[in-house]
Structure formats: C-alpha cells, structure tokens
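Dumping the structure here so I can ask a few things about it.
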Amino acid sequence: MTVLTDVDATIRRLREEVCRLHAELIRYELVVWTAGNVSARVPDRDLLVIKPSGVAYDQLTPDNMVVCDLHGRVVDGAHAPSSDTDAQAYVYRHLPHVGGVVHTHSTYATAWASRGEAIPCVLTMMADEFGGDIPVGPFALIGDDSIGRGIVQALSQSRSPAVLMRNHGVFSVGPTARAAVKAAVMCEDVARTVHIARQLGHPLPIDERDVDSLYDRYQNVYGQR
Amino acid sequence: MTVLTDVDATIRRLREEVCRLHAELIRYELVVWTAGNVSARVPDRDLLVIKPSGVAYDQLTPDNMVVCDLHGRVVDGAHAPSSDTDAQAYVYRHLPHVGGVVHTHSTYATAWASRGEAIPCVLTMMADEFGGDIPVGPFALIGDDSIGRGIVQALSQSRSPAVLMRNHGVFSVGPTARAAVKAAVMCEDVARTVHIARQLGHPLPIDERDVDSLYDRYQNVYGQR
Amino acid sequence: MTVLTDVDATIRRLREEVCRLHAELIRYELVVWTAGNVSARVPDRDLLVIKPSGVAYDQLTPDNMVVCDLHGRVVDGAHAPSSDTDAQAYVYRHLPHVGGVVHTHSTYATAWASRGEAIPCVLTMMADEFGGDIPVGPFALIGDDSIGRGIVQALSQSRSPAVLMRNHGVFSVGPTARAAVKAAVMCEDVARTVHIARQLGHPLPIDERDVDSLYDRYQNVYGQR
Amino acid sequence: MTVLTDVDATIRRLREEVCRLHAELIRYELVVWTAGNVSARVPDRDLLVIKPSGVAYDQLTPDNMVVCDLHGRVVDGAHAPSSDTDAQAYVYRHLPHVGGVVHTHSTYATAWASRGEAIPCVLTMMADEFGGDIPVGPFALIGDDSIGRGIVQALSQSRSPAVLMRNHGVFSVGPTARAAVKAAVMCEDVARTVHIARQLGHPLPIDERDVDSLYDRYQNVYGQR
C-alpha cells in the first residue's frame, strides 16, 4: 500500500486539473492541433506541472503531464515538457502570486500581437477582467530568458492578467491555472469584439475612473464569496 | 409528503426553465465563461428567478437558481444572484408585460454597442422580430438604477425587444424567458449579418411601410396558433 | 393491418427525409432558432412536404412535417406549414425539374443579398456548383406571388441553383431536397470565402471558358456514377 | 484463414488511417459537404490510398477508400477515386519524400488564393511550421498534369508544406498523411490570423534570421523525440 505524502497528493490533483483544463482551450477554440498549453505551480514547492510537448489534446492524461522545477528541468514524467516551459518557469520564479500560466495563439489576440498593438479598454467586460488595456510584450525567441522576461516586464506594468507577445501569441496568468484559463478565454473574446468594433469605426472610450470602478467591483464583489 | 402550493410549483417550473435556457446561450455562442444570464418573472408575484453570480454554465442546476424580489433581494437560494439582478428587477418593476430578461455580451451586438451605434433595419428578418432598428441605451455603471433606467427608456421608445447598452452588451426582453432568449439570439444574428454587409458597402434600405407590414405579419401570423 | 399505397409510402419517406435534412442546416450553421426550412416535391403528384411554421428544429419529427398542394393549401398535417410555403409552391408549379427547395438567412449570403449584389464567380468550387455568379432576386413581401415569381425569374436566367433575395436571404433548388440543401451549404461557403477575399483586395477573375469547363466536368464527371 | 502479405497489411492500415483523418478536416472546419480529401502513399510501392469521389464524410469507411497507382488508375476499390487523384499522384511521382497529400478549400486560405497572394510570414507559429511565406501556385484546370505540376513547382521553391492554388484552394503535403493534415490545419489557422491582422493595419515583419532560427528549432527540437 502506497502512502502518499501531502505534496504527492497535491501533484496528483494538479496533474488532473492541468490535463482537464486543456479541454477549455478547445471548447473556446483558442488552440489548434497542439499549439497551446496550461501549467500550474505546485504550492509551496519550486515545482510546476505542464503539458508534454507536441502531444495531441486527445492523448492527454494526468499521467503524461510533466513535473518540472522552476528552471524547466524535468523532475517527474516520461515525456519532454512543452517548449514553453522555460518561459513559464521564469514567470513562476519572478511573480510569486502567479499559480497558473496559459499560452495560446488564439486568432484575434494574435492578430493584435502581430501588429504590436495593445487592445484598448472599450468594453465594460474588459474593465472588469483586465482593468485597462491588454499590453504588448516584445518580440523574443525561444532559447534564453527573453520570452519570460518580456512577459514579466509587461505584466508588472499593468493590472491585466494577459499579455500579447509580439508576432507570437498570448500568455495569461492567474492565482490558479483555472483563473489563467479564464483570462485566456476573456482575452480572445474581447480581442474579437474590439477588432470587430474597429472594422466599422471607432469604439467610444470609457472614462478611466469608470474603468477603475468596474475593475474594483468585479474583483471584489462578482461571483460567490 | 410535501404539498406544493401553486406558487411553489410555478417557481419549481421556472427554476428548471431558467436553468435550461442557459444552454441556448451556449448553443448560439452568445456567452463565454460565466458572462451572460437569463431570468424569468414569477407571474402574479413580485418575484423573479435568475442565475447565480459567477457560476459556470456546466454547474447550473434548477436548485442553484436564485429567487429574488423585484428589488433584487434574495428570497430563496443559497447563492448570490447574478450581478445584473438589480437591473433586471428594475425592468420587471417598470415593464409589466415583460416575463423574461436576458443579458449577454454577444460579439457582434457588443461591437455595435461599443461604438454607440443602433443596428439599422435592413433585413426582412430584422423587420419581423424587431420592427425597426435595434436601439442603443446609455453608458451606465452597476451600483444604482442607471442600467435598469437606461434599458427601460430605450425599450419604451421602440418596438425592439433588445437594446444595446453602450460599451457593454445586450439586454433583451419578452413575454417569457424563452422569448427573451429568442430575441437575444436573433439580435446577435442580425448584428453579425448587417456588420458583414457593411464591410463591403451599404445595405439597401427597406421602406418603412414594408417594415411595418413584415412586423405585423410575423407577430400575428407566423408560427402555430 | 394498413395497406400503404405507393404514394403513401413515398410521402412517408419524404417526411423522414425532409425532417432529417434540417439537421444539415444546423450542422453548417445556416439557420438560427426556427429561421429556415426544407421542402420536397412528391414526384408525379401536385404535392409538397415542408417544415411546420415556427417549430424548433429539436422538435421536428416526420409526423409534424406538413403535406400541401402546389398552391400551399394543407392536405395532411396537424400544423400550419412554413410561411414560405406559398413561395416554394410557386417554384414547384413553374419549374418542373425542381424536386427540392431550401430557404435560409445564412449570414454571408444574406449580407450580399442586403446590398443587392450578386456573388462573382471567382472560385473553381463556385464554377463547379453554380456555373457562374449567384444572382440576386427582387425585394418582395410575403402575401402574394411576388417572392415565388422573383425566385423563378432569377433562376431562369442563370445556371445557379441558388438565388439571393434582396434584403432577405437565400432560396436554393435541386432535383432532390438533398441537392437543394447542398446548394444552400455551398452558397454560404462561397459567399463567405469571396467576402473575405474582397476584404483585402480583389479576387482574380476566372475566364468564362474555364468556368464552362469546370461546370461541365463537375456536373457530368464528379462523384459516383 | 487469410494470410495477409506485408503490403496487404500496410494497405489495410492506410485505409483506416486515411479514412479516419477526414474527421480532422471536419473538426477544424476545413471542408463542407464533400469538398476536400486526404491521401497516403503506400511506402515502397507505386500506390496511393485516397477518398472516393463525392461520398459524404459520414459515409466514409476503410473499405470504400480507393487504392490507385501513381498514374491515378484504380487498383483496388469499388468506387471512383477523388477527382483530385491525378494531381496527387503527380505529386507522389515527383516528390519522393512526400507520404501524404491533403486538399481543401478552407475559407481564409482560399481567400488568399483567389487574390493570388502568398501569405506573408509574420507569426512565429508560421515560421515554425512553414519556414517562410505560404506560396501561390498557378491557375490550372483538372484534365491534364497542370494542377500536379503547379503544386510540385511551387513546393520545390519553398520550405512550406502547403501551397495556395490560384482561385482554387490548398494542397498540403507531409512525410505522412497525418503531417499533411497538420499542415492543412495550420495553413488555415495562419491564413485567418494574418487576414485579421491585415484588416486593421500591417503586421510587423519578422527578421529572416529569426524565421530560420524558429523553423530550425521547431523541425528539430519540438515534440517528443
């Protein structure tokens, strides 16, 4: 009979949660083929749980999720981890309040990213969730810390839990992996609505104090307490 | 053995109906995550049944719907009601013919709303259901009666069962919750078609007498009698 | 024991086929709520089988399909027939090669219709199925023969099995109801692709002899013989 | 008891794989009705396995796939093969590294094709999979080698596994049929994102050395080794 330590049980639960959350990326059409992933921090440990690289969403199981340390080195798992692991590990190392990270190339958000344009905050729903514009991070290649640094820098200067990485796609964060998935879903939704609004003219601005008021209520009153 | 009064049985039926109608918002892709809701008036009572706040659509059951009075105070239910409850209660208080209210941030309608532009009546299907343009209501924050007042004012000056609230989204009404859902579905459908028509030029206008004639037939002849 | 005459058996089969084909309108997202329908001619009889008016697609059964004569009068069925029955009956009366008719308000095709613009034949797939541009018919109200006349006139001057009725939507025809559904599906598909092509410039024209050659091959060689 | 030779077993496996891969074309909405197909080369034999012509995707079974030689003549199968068989056979004859070919008329890619415009490489995901722009091939009619020649010529001058055939649609290739399907899926995804990016301005270019670096990593490091 196996005795699970607390951390083993937590990792087990996170393997299941991270695996299952990929279904939300598909449901909201944020990803095609294998192009997007979810990770979660193991609380109070310098570890994260992430999707294996290049494995089809249909083939994901809790067991093929990969456990890495916060420098992206595999600690437990038979597969190579997502090629975004280093960038996400950097985010966990530098933003202690982040419990989950999501990466997608969702269509409308990536279109803004390819022009290097922030999404302006012209919807109450955007003020609620993002507290202002969704910012743009720099162009960066995989291979060193530059993607991670770009994400952390952009997020640190904003209330937004999502950042558009130039010519690339979206990284979103949250206190949990589920909250990061929600931010990715909302990011694509507002990216699409504001794009469509802009096709036939100019959305009306929202006063900054109203943005603050909407953000404050949504973060503190919305939902079940 | 429990003896249900008539009003208990009615509330039971409306809990089931309101819960089930959220599936139509998903089917027609009018909502993401938890961003949209349905409510119904309890006939001949100063009560309404509405979605709980911030609860995922997959988790909705007849039992977690919330019963409120027409000032938005919870009468029966373990959850906090939708944060749109006050606005919808205002609508029920001031528009006695309304039996159901729906709120969404559906993409194309919200794009028109963000520009503060009414959707012009250039489709026979729009004349049928809306009897003219779909009007715009004011920008308003949650926290007092301003959303409710904006909805009631805009709807009172129009035959349309839907209104685009500026920078926000859609509120639709009907004699039943199901009719309000239909109006929300049709609103997004015509918002999309007219948007797409406008991308490559200008839709031809429909003569006002023809709009009247189409509206009259659809309201009085269409469907099963 | 009931003895079915041949015509009874044919009507039974057509009730099933017409009912089932509505699922294709949903699968290809050509319709919302109850806004679209399919009918079939009863071969060698002055009869047609059509969807009941305003009944949800989820509620359709072979039994609630309605059998009408070719002046739109109900011959068999407990429901009121589609409000498009008169227009479709007119088509069957005047175009003896037509065995099925479909009506939708599919988004992109209806956007072209609202501008009164024919869809130009700039795709090989369009040459295959439509043999040229998809034409526009006049604005017409329900209530007399004007919709039916408009459809017949437009189709008679074209090889296209689909016509865009101005400010309204699409009517498509075929030797069978299934072929008419295919034409409705292909019409929306090419309406969308040509619209998107036009958003960023101008599609290259296809030489008229090439259109003829593609049409001839597709009509005579494609598929199983 | 039947003894299967090795080649029989391989063909059996490819019939199953080719049949099953059509579901991916539907899942990613690359095809409507019967307009698109997958084929696979039989390794070390001058044979290919392809979809039958004009048969609905719902009706596909491993048994109704058609085995042809590399001049498009049926070797095994009760059905007429896809009318794209000659073009695909030409590709297998002239590009020995190709193990699978896919043809679609996917919406956004076909829109670029109808204007005769290559899709510019402005997304890291595009550099990864296509190693540069997605090129355009010539206008060509079915009936001789001209489609096959156009595909081979365009692919030979590019690292891209996909080509946009003018006014027509997409052909994609890969070492396996599954890889060719992946290229078709990614082609439509980047065609859509770059289209949308272009609607509101101009995507920022990616330096050619960065494109090379991204392509090299994705081809050699991404996924499971």
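Letters A, B, C and D mark the chains as written, and numbering starts fresh at 1 in each.
Just so it is clear, contacts are C-beta pairs under 8 Å (C-beta built on N, C-alpha and C of every residue); 3 or more make two chains touch, one makes a residue touch a chain.
Going by UniProt, the chains are A, B, C, D = L-ribulose-5-phosphate 4-epimerase.
As the structure is a prediction and not an experimental result, all values here were calculated from the model.
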{"item": "Target chain C, source chain A, minimum contact steps", "value": "2"}
{"item": "Size of the rotation, in steps of 5 degrees, that lays the CA trace of chain B over chain C", "value": "90"}
{"item": "Same-site or different-site touching of chain A by its copy chain B, using the half cut", "value": "different"}
{"item": "Far-end chain from chain A, centres as C-alpha averages", "value": "C"}
{"item": "Chain A-chain D separation of Cα centroids, rounded to whole Å", "value": "32"}
{"item": "Interchain centroid distance [CA atoms averaged], chain B/chain D, Å", "value": "45"}
{"item": "Multi-partner residues of chain C (each touching 2 or more other chains)", "value": "199"}
{"item": "Chain contact topology (line, ring, star, complete or other)", "value": "ring"}
{"item": "All pairs of touching chains, each written as two labels joined by a dash", "value": "A-B, A-D, B-C, C-D"}
{"item": "Complex contact set, residues of chain B against chain A", "value": "32-35, 52-55, 79-80, 83, 105, 107-108, 110-112, 114-117, 139, 141-143, 166-169, 195, 198-199"}
{"item": "Residues on chain B engaged by chain C in the complex (per definition of touch)", "value": "28, 122-125, 182, 185-186, 189, 192-194, 196-197, 199-204, 206, 210, 213-214, 217, 221-225"}
